[in-house]
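Take a look at the structures below.
Shared between the two complexes below is subunit A, which pairs with subunit B and subunit C, respectively.
Then we have the complex of A and B:
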């Protein structure tokens, strides 16, 4: 008899710049190569535009911009992760443009640490937890919250702003 | 509520519409057998199904009303206005009840008490009057006959002219079930009318209609059959197959004779089972109910197939193979055929609204003490189901307006030399991928002076503004003015003309109004046949392609880029008039290379011309509109997006919202 059952969860990890993030696989529908993205004039800058997903129109979010990173040119590794987000009682399908997709990780729940509350550059409600993978920390995103909010997350400057607010 | 009960409610709502239609026909033609049978049958079906699925209250009501109509069938009672009215009102209540969401309130035994009591009371009174004569007073029933009447005018008369003959023909058509064919000569005047009418009115009486126009035409009567030929689809098909050719009297007579023989045989075989109508059976066999989502799904896949086919054709063009070329062409043909066929699945005839309108006209004209005929033409014209549903309220409003404000009281009409019966006419026809609907009346028309005075009072236009007649009429659609003109309890409630216009615009349609004092008003609506199919110009602005709906496009011009300033909005001379032109490349922040000559597309917004600049016009494009989704809900100027042949996405403009937005915040 085992007193503790080990639960593992699967996460898709991706990179923005030199940082790694993870989204729970239940949200992920598929991964697309970048095709021509049609810009929608006069929309927020982090909204990259729309692409054709098998005959339907898929809005694409530039995750770099959304997270407050600088904009860079797309590379061969740039991908669109198609996410299914449930927000405010409705389902939204959207694409998240990321620098590169890494792998699907099975992570034991016991390994997931609470996000640090102090000295972090990330606002805690957007991070569900973090896990050490090799020599790097992977941020596990609160995916539905991150992509359903209208605001630019400004992950970079968060600590400063928080400090000012406090 | 279980699924059977839900099914019952859906079916019952359909049946109630059929019942309405039958009752109205019966009212117009109280001795006609066919509508009576239909009404009786429909009630019986409702009763049976209601009792089976636990709607005993509805079953009881239907039972009592059915008894009344059974009396009529056995010729112990006549169809009266009162009978029709209590029946209509009772089933209106049932209809309201069925629209409730919780089953308890639908089946509540009290809900229909009032109407059931009235039916019983009516029954009791009928019994009381019947008993003395003990049923021996079987009423004299005029025979229902089908006549063909050929009318050849000896004067030049136009179809929509004011000659009394035109109204006489309409009056006769209103006596029963009728079909009118008009043959015109080279000058557009009427050469001959062929009128087919099934009615209980005798031939002598029909002839008396023509006494006053004796010198103006020659009339030939022919009695085709001692029954209505209009229950026979073959008869109608034959008449319709004639096109412009005159009907051959011999064929018609002999043909009609044959059909009667056939019908008689038919009667024999169905006599054992009087409750099952041939017509309903046909309906059940040829139609199936399909969930709208399934159809949308199908259309999505087909539009995907079309995009794939275009990609395939592109790729195949690079390979030199006759075999492949043939297959590609065949694929093109099949996919487009498939698209057209599947688009048609979602279309329903305007007819579904017509019964509703007939009821409205009947009730309203009774309320207002006016005599109104409602005519519909082209009711078989097909429109997207969504469009029909969204247009129902606006059209009801227009018809209401026509009766309330347009048609005069009978005394007034007599005084101004018009027939006592006013006419409200709904005409629908298809042109390209658009459906045109005209609602017209022959009432007193809109008083332009009144409209202008109101508009000035409300500060919508300045006192010394010079407006053309058309511009004054357009003011009717202004939100500040719509309900105010003359408020009565009929119009003034529900939607205003501004809402009518807004609804039509939401459907990417157009509306215009014409009115002549003393002659009447007509409102013309143009709608895309389908909400999801859009016909537009494919244009390029900067680095992206867009679709501009063709309805909004007036004309295209070329303008040298050097002549434009960098301003977002500027006046440009087009066809001798200064038109405000929006510099879209600037507005959309397209900083790239600009061609030396830009195209200016003149679109119309609220009747005023506005220009927008584009880099290039790539051609006409018919395509499927896809929603942009919540992520872009603030980008109102786009009604959606579409997938181009090469798989890229092009945004589709909503020109009304675009212009509105450009005017309000040109610099954003």
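Then we have the complex of A and C:
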């Protein structure tokens, strides 16, 4: 994936509830304000709908739902992070709805610790590592793994059929 | 002797009646025998005498006619004489028969002899008669001879017999006289004896009755006299058992009752005396109290006056307060409007600030996107990343400042809003207050009149209190009068002497008080009209003031 150099990597940090998460900037295309989200019928629950991104249909996933958090109302700080996921099979562009976007952090590889193996409320394979930033931990997500499941693929199909219909 | 006066009188009169009856019986018996005697004399002896004398008369008549018959020449005259003689003879016969009927045995014999003589004469007369009827001188001479001889002899004999009867009866009369004299003497003697006896018995009985009754009455008189003098200690016993005794019995009951009543009256008058004295003191206290009350009422009255002026002031203040309240309401309405305007302004400011906040947020996003782009560019984008980070930080700061301002203005708005609301709420409250104050002012006016009424009432009250004071003083004097009356009553009762114990109790309670009062005359006690020493003059009351006998009893009374 990334060149195995012990250098600093850039991560975009965002919040879900009180927890901070980080995604590698290479996956991040841009950050959008929440505009009108069109709901898609017969879509899974974590699928918020689709938005128009400069003429393209962008499926939006409610990350809270995806991570098994409670759903909350959108605020002014709620943003959509446009991600570009490349797996072995194909390349997918999707939007991840998060509570707020924080900043772009440069993190040295040595600071990243391994994720805990037991007692975590997240599936640990989704978490690459943890880094202490200030007085709290930031969980670095394995972005391609989080958003490259079959469900996401299925989502793509759904959005594409809907796009055809639209 | 246990005989009542009634029984005694009945007994005495019975004895007297019995004696009288005996005397009457005696007299009656004598009178009866006298009557018997007189009847015998009148019915027999006197009648015999009358009949005998009549018969003698008849004989005289007949012999005379016989002579006339002899000497008569005319036949019819002879016939007439003969008839007269016959009728007279019949009368004679009748008389002789009557005489015979009332004759005793001796008389019968005499009458028989008369009848014989008379029959002889009648025979001679028959001859004479027949000779005369021949009416010749010879016959007449013969007849005359016959008449003067045999005829006269027979007639004389008959007359003599009649005279014999007369004499005999005269003798009987003389005897009767003697016997009646004797009878009379006996009777008189008996009667005199009886009378004497009766007199003695009557005198005895009378003396006995008078003695016994007068003794009883004497006893009763003694007792009643003592009771009349008021001495109820008199012993009523050993009296006789007659009606007077009964009378004394009742008197004893009466005296006992009287004693009880007097003891009661004495105690009651003592009580009345002490109670009335107490009442007098109480009434005086009451009078004093009433005067104090009057003073208090005056004070209350002046306080009320003060209160009235206070109320007046309150009314004025209330009116002023009402004006102020109304003005305040207007001012507050003005203030409320100003606050509302402020709120509007603040809201506008908040809107503008939120626009700034929005811009800052978008700037932040742009900066983030720039940072992401720079990061993706790697080392080439490093400088740009620094700029983007700076821009992001600035945007963040302005965003936070905007949100702070927004928050502040929000809270200001809410505060101003609240103030406005409160002011709006205050307005009706103040109006209400003004109205209430107006009501207070009206109420104060009413209160003013009420207070004046109260003042009037207090004046009346004061008058009543004055009257009460006067009345209680009158009552005090009345109580004193009552005390003196009770004292008087006690004196009056002391006329009666009761038993020693009772009387001493009564007297000590009756007399101790005046004495003490006399002793303490210098003290402050309002002694009622106290006729204290007068009691000593009353008869029947034995005041024992000198020696210490009464002290034990005196100690029962409070000394003041």
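The definition used in the following text is that the second predicted complex is superposed on the first by the 142 of 166 C-alpha atoms of A that agree within 3 Å, B and C clash if a C-alpha of one lies under 4 Å from a C-alpha of the other, contacts with A are read in each partner's own complex, and residues count from 1 in each chain.
In this section, a contact is a pair of C-beta atoms (placed from the backbone, for glycine too) under 8 Å apart; a residue touches a chain by one contact, two chains touch by 3 or more.
Because the structure is a prediction, the values reported are computed rather than measured.
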* To do: After aligning the two structures on subunit A, examine subunit B and subunit C and state clash or fit.
  => fit
* **Greater residue coverage of subunit A in the superposed arrangement, subunit B or subunit C** => B
* Asked: Between subunit B (first) and subunit C (second), which, if any, makes contact with A:54: first, second, both or neither?
  -> first
* Who does A:10 touch here: subunit B (first), subunit C (second), both, or neither? -> second
* Asked: Between subunit B (first) and subunit C (second), which does A:35 come into contact with in this model arrangement: first, second, both, or neither?
  -> first
* Asked: Which partner does A:86 contact after superposing on A: first (subunit B), second (subunit C), both, neither?
  -> neither
* Asked: Of the two partner chains, subunit B (first) and subunit C (second), which one does A:108 touch, if any: first, second, both, or neither?
  -> neither
* Does subunit B (first) or subunit C (second) touch A:45, or do both, or does neither? -> neither
* Asked: Does the superposition put A:94 against subunit B (first), subunit C (second), both, or neither?
  -> first
* With both complexes overlaid on chain A, what's the closest CA-to-CA approach of subunit B to subunit C, in Å? => 19
* Where on subunit A is subunit C touching in the complex? -> 10, 12, 25-26, 28, 30-31, 33, 76-77, 79, 101, 103-104, 106
* **Residue ranges of subunit A in contact with subunit B within the complex** => 35-36, 38-43, 47, 49-52, 54-57, 59, 61, 90, 92-94
* Asked: Given the complex with subunit A, which residues does subunit B contribute to the contact?
  -> 300-301, 303-304, 307, 543-545, 587-589, 626-632, 634-635, 637-638, 640-641, 643, 647-651, 668
* Structure fact -> subunit A partner, complex, touching residues on subunit C are 358, 361-362, 365, 368-369, 371-372, 374-376, 385, 388-389, 392
